[in-house]
Amino acid sequence: MEQAILNLQHLTKSFDGKKILDDLSIDIGRNEFVTLLGPSGCGKTTTLRIIGGFATPDEGKVIFEGKDITNLSPDKRHINTVFQKYSLFSHMSVGENIAFGLKLKKKSKSYIQDKIRYALKLVDLEGFEDRHPMSLSGGQQQRIAIARAIVNEPEVLLLDEPLGALDLKLRQDMQQELIKIKNELGITFIFVTHDQEEALTMSDRIIVMNQGLIQQVGTPVDIYNEPQNAFVADFIGESNIIDGVMPKDCLVEILGCPFPCVDTGFAPNENVDVVIRPEDMEFLEKGKGMMDGVVTSILFKGVHYEMKVQANGYEWLAHSTIAYHPGTEIGLYVKPENIQIMHKPVSAAQEVIKKNE
Amino acid sequence: EEESSVDMSEAGGKNTIVVLNYGEYIDTSVLKQFQKETGIKVLYEEATTPEEMYSKYKASTIPYDLICSSDYMVERLIEEGETEEIDFSQMQYIDNIGDLYWEMSKSYDPELKYSIPYFWGTVGILYNTNMVDEEITSWDSLFNGKYAREIIMQNSIRDAYMCALKYKGYSLNTTNHKELQVAQNMLLEQKPDVEAYFVDEVREEMVAGNAALAVCYSGEAYLANEYDEDLEYVVPEEGSNVWFDSWMMMKKGENHEGALKFLDFLCREDIAMKNFEEIYYPTPNTAVYDQLDEETKEDPLIFPSEATLEKCEVYKALDADTTAYYSQLWKELKTS
Amino acid sequence: MVKRFFMKFYLVLIIAFLYIPIAVLVVLSFNASRSRVVWGGFTLKWYQILLHNSDVVAALQNTLTIGFASAAIATGIGLLAAIGIDAMKKRSYSLTLGIGNIPMLNADIVTGIALMLWFSRFTSLGYVSILLAHVTFNIPYVILSILPKLQQMDMSVYEAARDLGANSVTAFFRVVFPMIFPSVVSGFFMALTMSMDDFVVTYFTKGAGINTLSTMIYGELKRGIKPEMYALSTLIFAVVLVVLLLANFVPEIRQKQLKKAAM
Amino acid sequence: MNKRSLLATPYIVWIIGFTVLPILMIVFYALGDGNGGFTLSNILAIFEPVHLKSLLLALWLALLCTVVCLLLAYPLAVILRKLNIGKKGLMAIIVILPMWVNFVLRIMAWQLLLSRNGIINAILGVLGLPGQDLANSNVAIVIGMVYDYLPFMILPVYNAVMELNEDVIEAARDLGAPLSAVLTKIMIPLTMPGIISGITMVFVPSLTTFAIPDILGGGKIMLIGNIIEQEFSTSMNWNLGSGLSIALMIFVLISMMFTVKNDGGKESSVW
Amino acid sequence: MEQAILNLQHLTKSFDGKKILDDLSIDIGRNEFVTLLGPSGCGKTTTLRIIGGFATPDEGKVIFEGKDITNLSPDKRHINTVFQKYSLFSHMSVGENIAFGLKLKKKSKSYIQDKIRYALKLVDLEGFEDRHPMSLSGGQQQRIAIARAIVNEPEVLLLDEPLGALDLKLRQDMQQELIKIKNELGITFIFVTHDQEEALTMSDRIIVMNQGLIQQVGTPVDIYNEPQNAFVADFIGESNIIDGVMPKDCLVEILGCPFPCVDTGFAPNENVDVVIRPEDMEFLEKGKGMMDGVVTSILFKGVHYEMKVQANGYEWLAHSTIAYHPGTEIGLYVKPENIQIMHKPVSAAQEVIKKNE
């Protein structure tokens, strides 16, 4: 990544003696859309705060366009943030909030007016200029926070769960708008979300974090389809994660049943983690699958039903657009290419993951 | 301490009297001694100015038995009929007050019925011989511009105008607007030369050497001289003010008998001596005077000569119009 | 680091500004000379005289009891008032606040004489009348100290407390009060200070024979302030300072000891 | 009036009992001519040149004092917030403690410090610097006023600044505001209630003070407070004194009402 | 619903002359899990505030167990709230926050201790008793807010987007825990979310709101499968909503193509709205479907790919687990039972919906 606009080098940060970030290094390319994904409290906000200049790392550097900005004050960075808690200025109207950064840059009145109108339109809050932030609903406040950051056309935009308070419909619209803005203005986005689907849809690259450590960096498809460890697999989507043994290449024994698979290169009889996505679990008639089971529960999820199936002493999670009601006996089948085999964790870092499963 | 929580319920009783006096103007042990000897308790109160006393006496419900105030205020209260005739025949020690002082107090208590002189003094110029190489004899040195920013004037209306009036040879009780206007012009012209108008700070300022000359009360001058021998006091040759602080018995009071006892007590030699030694202002009590050593008797800072006294006048209460005019002039002077 | 140094320097400068006059008085309290402008050598005699002067002790007692009582009452009334005023509409808000500030904007002597006329008419002058007068001029300081804090506060926590079953009083004392506590403290101290400092209003509303330190000190003005007063000020000051240091550092030290013991 | 405003009842009763009614007696004097007649001249006397002049001078000095107090107190509050030292109550006491020494004594100490042969000049002399003629001047008055009223500015401003939400400051920094803009655009507007309180508590009493100009100003000037004081005490003209007091009160009240009304919100009013 | 614990009757509320709630009536049964669902700013929080006692309706009543509590103060209601903005007490530790309501009820020390431990375990924050709310991450604060409300065992619990700041994994855990608590303690839940899937998964009944008006009330399956109008259909999941004409029963003409369907009872040649869920769009070989089209874009969504298909002048949204890359020509097929036919809006209320599509 020669064109990196931002390099985070070996960032470490502790609070009260507890390490929140542990030797975190990432390079972020110009005009890239990078998402930080990870469980609550894993250090996402802390990372953004260091990039934005609101916290200094105990160790490590932040390099922006080749220059060390670790100790540069936030106002001197070409970086803007959409804060998790909105942080709107309560003593200013919505319009004044949005105009704040522009006024500081001494833009002309008409330019500012245009920008306010443009930004409010973007976040679907036309005509809200004169409202007071305190009288807005949660989602409305969040959208104003986005508008306020975007009008400044920063080189890097940090977004801390910017769509968290929005409903699906609006969120999808905003997702599209954000991507459009990113492409139009050539802004680099660093995005924090707790919504896996959002991460998968929007990102060029996803960084999965846990307890201050990077678990995996990759494109959405990589992360989803080739999780590097059980934590990622589990976190990035609902999964069946089971212990298995590889007697030989392309065969894995799970709960006593042999499953053909496509993975190779494991030691003979190596203990492995096996990941199977619920949507890859196929329902056949009883006796026709690899193992038989009984549906124990069903949940309506809109797009599909989610069923739990008891088979060989494990409770499998399976999705299907057809409802199989509890008590139904079925056969389960998984295509070899849908079986993911992973080494068991050995390092300390990977132990952490195990603990979180 | 009991005394502190005394409420007004106690005042007005047979065994208490309520007394209003200037601050630090009595040896407080005298009060205790009085109670010991007579069983009468003194509810003692202090004030800084005669006007404060007046307001407090007139507007509050406190039954003051005795007030010690300055000549013109005594006159005013007598005129307003607030004072009670004092039955001198009941007083054992009243003769200790010298005739000269009775004579002088006629100017504010013409019938000599309502007041008894307590302390008296003059107003003059206190100057620092280190900073002034001539002998000061006249008010002129305040007005001739020689001592620019070295002069401290009295920050009270009458004392300030008195200097100019006396210098010009007018009476300090004049009500003539023309004469007052002349004085005003002099003061206006003098103002740039004045370092400050002070009341209470005059002595300390002079001791500290912050000014060369100051208009000053004789008692203060004496104290100043104690600290700094170079400070000399003179009553200018044109004459000046002689002031009296006198006791009055008040109509509002509820224990005239006790009050009379207290007045008599104050006139007793030993008590008057105690007060003199505490205050060191000239006393009208001849019995005390006679006991003093020669040096003190002759100290012009304590007891001015009769020649000096002859040139001096006592303040008289002014009518409302003149007071208002004074007040107006003073405001103009200060805001100029 | 440099910035921190400058910040601390500024802090020291302001504190010095506030305390240098006090230092002057402390020095004067050890001056053997009665004059404040002449150094007569070091002495402790004023402290001795002070302790034997029952009048001063009585005045001190009056000053302190009136000070604390009036500050406490004013804080109570002012606190309620601030909460009430905060909820008012704009017009009654500015009217109430404006009238409430009258005692502060009147020259002391006007307040003093007005109250004297008033008290004289309906009650007698004495200890209680001083107390009432002090409460009166203290209230605005309390309100002005508490009100802004209330206005700045996010009331959603109050709602949360109500939701969890606290009635309005409990919610106030458990949630709002702790948050505005510092301003209540500073309001109380302002009131206490104003009370201890006041001369004119006290003078006109007090009964005969009652003194506070300030009426006592003013009484002495004409003839020169007694050095005992410097000694007294120094003593008051020293006592408060020691109490303050103890209150602030003892818990810290104790915590450290506890930690040590735990290890 | 809603339920919560009822809490102000004891206060309202108190101000009616001990402020409004006593003041009515002053109003009574103000409208009297001393002989039982009615007149407005005592109140209108404020427009006489001497009175107007002293009022304007008092305004100017009070304004100066208020501005200096604010300029000293605000940075102090910000610094205390940054340094984050001590408990909040502690600071209140440290600031107010000097005031527990009697006013007269404190102002007298300033006199000793500032006077011609005073302590400051002595120190300057030792350092070989020329002495300053500070005493008995307007500068001395302002120093005295600032000294006396500074705590009343520090406390409310400090309380307000401590209350500021760091999030909002960060948001402003993020949007490119240098520290100066954070101060003027965010911190000051958000702490405005505290600033207004401080201004009221400093400006109003310093407008009516008379002791400080008498002692530190060498008695050479008369502010409106001195004039009222003089009418009450030396000239014994309570009618005029009351009239001027009422006029002053009306003047201050109007300017305060205007303040609150002017910017449409009670949360953030600008003087 | 005879067993209703709460009846909202004709609630109306305006701010600044704008109607936020308009004649809203709902009955909520004991131990029911009801979700309010609707776009940002539609009045969800306002409704909860009225139920909680923090706002009074301009008109209408709140009836709780048969008694009118419209003007009862919040502390006297057996109702607790998890606030959208957490509203933790910043001067108390986490433990004290949770204990707040219990201490008011004068519970014993040991009871309170147990409850705190239980609640912290529930929200997966064991050992956080002594932490200060300000030092917690967004998600952690939100969980404390839940714990604080739940320990009081209210009869009705109002939750305003209580899981908004949590990642999927934790959210699903919390969803299950909440349902467990509801069943164990017999609490009635009124839940606000902007997450359609969450609403579908957790609720007994869903109330879909828009601009202060109720659009539809029903079970998750009803709402998803039988949306009463285009707004609900659109809001509750991604949909293709197209104009159509019904020449006769069981046949609808869309974009000029006849589609067999199962709906009856429409006037001949009535103009209708047709809704087809993207997951119901099936991909066949070109020419084998009902209409031919070209894939114009593809987005990876984890579980499936989302494709846009240009066909007969309309851009169709379609989901498939198999990726069809842009440019691929395909045939589109929809099973008759997956075609939803709805009357066009006529009333003013329905006009609103139309505007929001």
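Order of writing sets the labels: A, B, C, D and E. Residues in every chain begin at 1.
Going forward, a contact is a pair of C-beta atoms (placed from the backbone, for glycine too) under 8 Å apart; a residue touches a chain by one contact, two chains touch by 3 or more.
Heads up on the chains, UniProt names are A, E = Spermidine/putrescine import ATP-binding protein PotA; C = Putative spermidine/putrescine ABC transporter, permease protein PotC; D = Putative spermidine/putrescine ABC transporter, permease protein PotB.
Only a predicted model underlies this, so the values are computations on that prediction, with no experimental measurement involved.
Each step here moves to a touching chain, and the least such steps from chain A to chain B number 2. The minimum number of touch steps linking chain C to chain D comes to 1.
Comparing the chain pairs A-D and B-C, the larger number of C-beta pairs in contact belongs to B-C. Centroid to centroid, with C-alpha atoms defining each point, chain B and chain E lie 90 Å apart.
Separating the centre of chain D from that of chain E, both taken as means of CA atoms, is a distance of 57 Å. Chain A and chain E have CA centres that are 22 Å apart.
Per-chain CA centroids place chain B at a distance of 36 Å from chain D. Among the residues of chain D, those in touch with two or more other chains are 117, 190, 232-233, 267.
Touching two or more other chains at once are residues 52, 55, 199, 205, 208 of chain B. Along chain A, residues 85 each make contact with two or more other chains. Every pair of chains in contact is given here: A-D, A-E, B-C, B-D, C-D, C-E. Touching chain C in their complex are the following residues of chain B: 1, 3-11, 18-20, 22-25, 28, 43-48, 52, 55-56, 59-62, 64, 199-200, 203-205, 207-208, 223, 227-228, 279.
Of all residues in chain E, those touching chain A in their complex are 15-16, 37-41, 45, 84-85, 135-140, 143, 161, 164-172, 194-197, 200-201, 220-221, 224, 234-238, 277, 279, 299-304, 319, 321.
Remark: chain E residues 52-54, 73-76, 79-81, 83, 85, 87-91, 100-101, 104-105, 148-149, 152 touch chain C in the complex. Per the touch definition, chain C reaches chain B in the complex via residues 33, 35-38, 54-55, 57-59, 61-62, 113, 116-117, 120, 124-127, 203-204, 207-211, 215-216, 218-224, 226. Taken together, the chain B residues at the contact with chain D in this complex read 49, 51-52, 54-55, 155-157, 191, 194-199, 201, 205, 208-210, 320, 323-324, 326-328, 330-332, 334-335.
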